[in-house]
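The structure's right below; bear with me while I get my questions together.
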Amino acid sequence: MFLIPDPVVRFFHRMASPPHFYSFTERLMPWLVVIFLLLTAAGLYGGLYLAPADYQQGDSYRIIYIHVPSAWMSLFIYMVMAVAGGIGLVWRIKLAEIVAISSAPVGASFTFIALVTGSLWGKPMWGTWWVWDARLTSELILLFLYLGVIGLYGAIDDKRTASRAVAILALVGVVNIPIIHYSVEWWNTLHQGPTVTKMDKPSIHVSMLIPLLLMAISFKFYYLIAMLQRARTELLLRERNAQWVKNMISESK
Amino acid sequence: MSLSHAFFAVIRRDLVLALRRRSEIANPLLFFILVITLFPLGIGAQPHLLQAIAPGIIWVSALLAAMLSLDSLFRSDFDDGSLEQMLLSPHPASVLVLAKIIAHWLVTGLPLLIVAPLLAVFLGMPNHSLGILLLTLLLGTPVLSLIGAIGVALTVGLRRGGMILSLLVLPLYVPVLIFAGNAVQMASGGLPVDAQINILISILLMALVLAPLPVAAALKMSIN
Amino acid sequence: MQTKSTHSLEGKSLSCIRDDRVLFEKLAFELVSGQILLLEGKNGSGKTSLLRILCGFREPDAGDILWCGDAVKDSQFYAQMAYVGHLDGIKKELTVLENLKMSLALSSPGQYSIHEALAKVHLAGYDDVLVQALSAGQKRRLSLARLLITENVLWVLDEPFTSLDKQGIALIETLMTEHCANGGMIVLTSHHDIALHDVDVQRINLS
């Protein structure tokens, strides 16, 4: 802990207190929404209007501005979920548990969007809605992992217990995802190789790359907005007997 | 009170219990044979077709049989309080849990190996691939028990955990299915399968070391 | 073997909330060797929850439990306690002897051998009988025999008198008195009033 500067530690300490979290996120929310809207507008303008059409795929490639960031988000959110779940499991921090479970439906939605857009993109390219391509298959299995997390949480009545179950499952999933990914990749190497992560020599043109990155950041903000809204609702539900919630309700009357 | 004594006592007790209950051994085995019998009936009995999909059929059936047998792993211990007593023991729960998983595999996983040659004959697999089929089952089915134990430990406290269990466990079975199925496929075609076998060995070792920890944690959560 | 040195069990401002209902709050107790803590209260008042918190099956919603001054996790607590709950933890497909041997394998040997313990709970000669052939009262006595054969200081008993006849109840009371005289301690819940002489009984009413 000594490596982390003091103000950061204090910030997280304050954030771990439910009333602070609740009021802080309330003030934060409009800013997140404005940034999200600006980034999305810029990204879509760049991607759909400024960027040139692909010499092979024509305009249909433009779906990558949704597909690729969604696919990134699907993995990213699973990682966040596992880390938050792990923190909740070890240090018994209620907010970490809530962040973990609030992330799951958002992550599942992004996974679903990545699957649907991938299949839409595949139709003109492969002539069929679904091919057992490695990345789509991995994404499909990831969706099952998300649904398992959501299903398990719903099946356990006591929500603190459910949070611990979900955290264990998410951690198991995080260990398994690379193995699953590798096995599926090994099983089938049909898709075009990764094009964007080769940072030293990007094989996609800058005018296409910039909107893509803008969209990727805008999706991160969308995730923050959606996850925090869910977390706030979940927090109110769990803390409905706490004094700060009662005070807040009586003030608003 | 040595740990190894406790470890082997748990294995011995579970084996004795399985022998006295019998159906616990027989049911997954019958299920395995039955599912494999259904495929030729469902898709037709052309020898070349069956031969081509035999490795896949055997492995998918093994996956399903392993999953269906999982419920018996902790169910009776959970219902009669033996699980509470085990978790109260001063011994590390993950080690005792590993003993239970090993006993469970000996009772539900190992018998699959014994009938697999028969089924391979049913499906017309070439004889030279039989060794590899047995090897993949020997390496793969313990992984199914180990990973499945995580799922069943998470759901043993639920009244209707069956459906959710398959959702939790089957996606995690994918790597074993891919490497084991592919190894058998390749072996049928007379190709080398060292890479797949090595990967299966590493997956097994990883599962042996890592899986008991979340199983123990999940059981502690389930009994609360 | 039980040691004569003093042990202590301390609960500090424990709270338990279940389904929006506060079962107990800021509960405190301290128990030393030779004492019994009897938890009383209506059904659903949190007696069993408190026992399960003691066993570590449940987390208290607030508060701590200390064993000999240390947090339970950092102490010898689990090596020095034994629990008999609603579920007796006995396999009905195994014999009496096989069940007790299993309990022994999970713990250290205590004051009595298996045969001495069976004699004490009036089950001598039942060694090779399958548990499914025993009556409810006999099963209960078998689960109590587990307390005698393993090494322990603290007994945690959830309704130990259930399904026992008068003799059985008297038997447990004798065992409890002996255990306390040997420097042990007991936390139990019971609907019956217990008649124990020469033992320091603390009562907590959770209702």
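Lettered A, B and C in written order, each chain numbered from 1.
Assume a contact is a pair of C-beta atoms (placed from the backbone, for glycine too) under 8 Å apart; a residue touches a chain by one contact, two chains touch by 3 or more.
Just so you know, these numbers come straight off a predicted model, no measurement behind them.
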{"item": "Distance-maximising chain from chain C - centres being C-alpha averages", "value": "A"}
{"item": "Centre-most chain [mean C-alpha coordinates]", "value": "B"}
{"item": "Approximate Å spacing (C-alpha centroids) for the pair chain A, chain C", "value": "48"}
{"item": "Centroid spacing, where centroids are CA-atom means, of chain B and chain C in whole angstrom", "value": "37"}
{"item": "Rounded Å distance, chain A centre to chain B centre (Cα mean)", "value": "33"}
{"item": "For chain B, residues contacting two or more additional chains", "value": "224"}
{"item": "Residues of chain A engaged with two or more neighbouring chains", "value": "158"}
{"item": "Of all residues in chain C, the ones touching two or more other chains", "value": "59"}
{"item": "Chain A-touching residues of chain B, taken from the complex the two chains share", "value": "150, 154-155, 157-158, 160-161, 164, 167-168, 170-172, 174-175, 178-179, 182, 203, 210, 214, 217-218, 221-222, 224"}
{"item": "Chain C residues within the chain B interface of the complex", "value": "52, 55-59, 76, 78-79, 81-83, 85-94, 98, 101-103, 105-109"}
{"item": "Touching residues (chain side chain B, partner chain C) in the complex", "value": "1, 5-6, 9-10, 13, 16-17, 20-21, 76, 79-82, 84-91, 96, 220, 223-224"}
{"item": "Residue ranges of chain A touching chain B (in the complex, touch as defined)", "value": "89, 141, 144-145, 147-148, 151-152, 155-156, 158, 161, 164-165, 168-169, 171-173, 175-176, 179-180, 182-184, 186-187"}
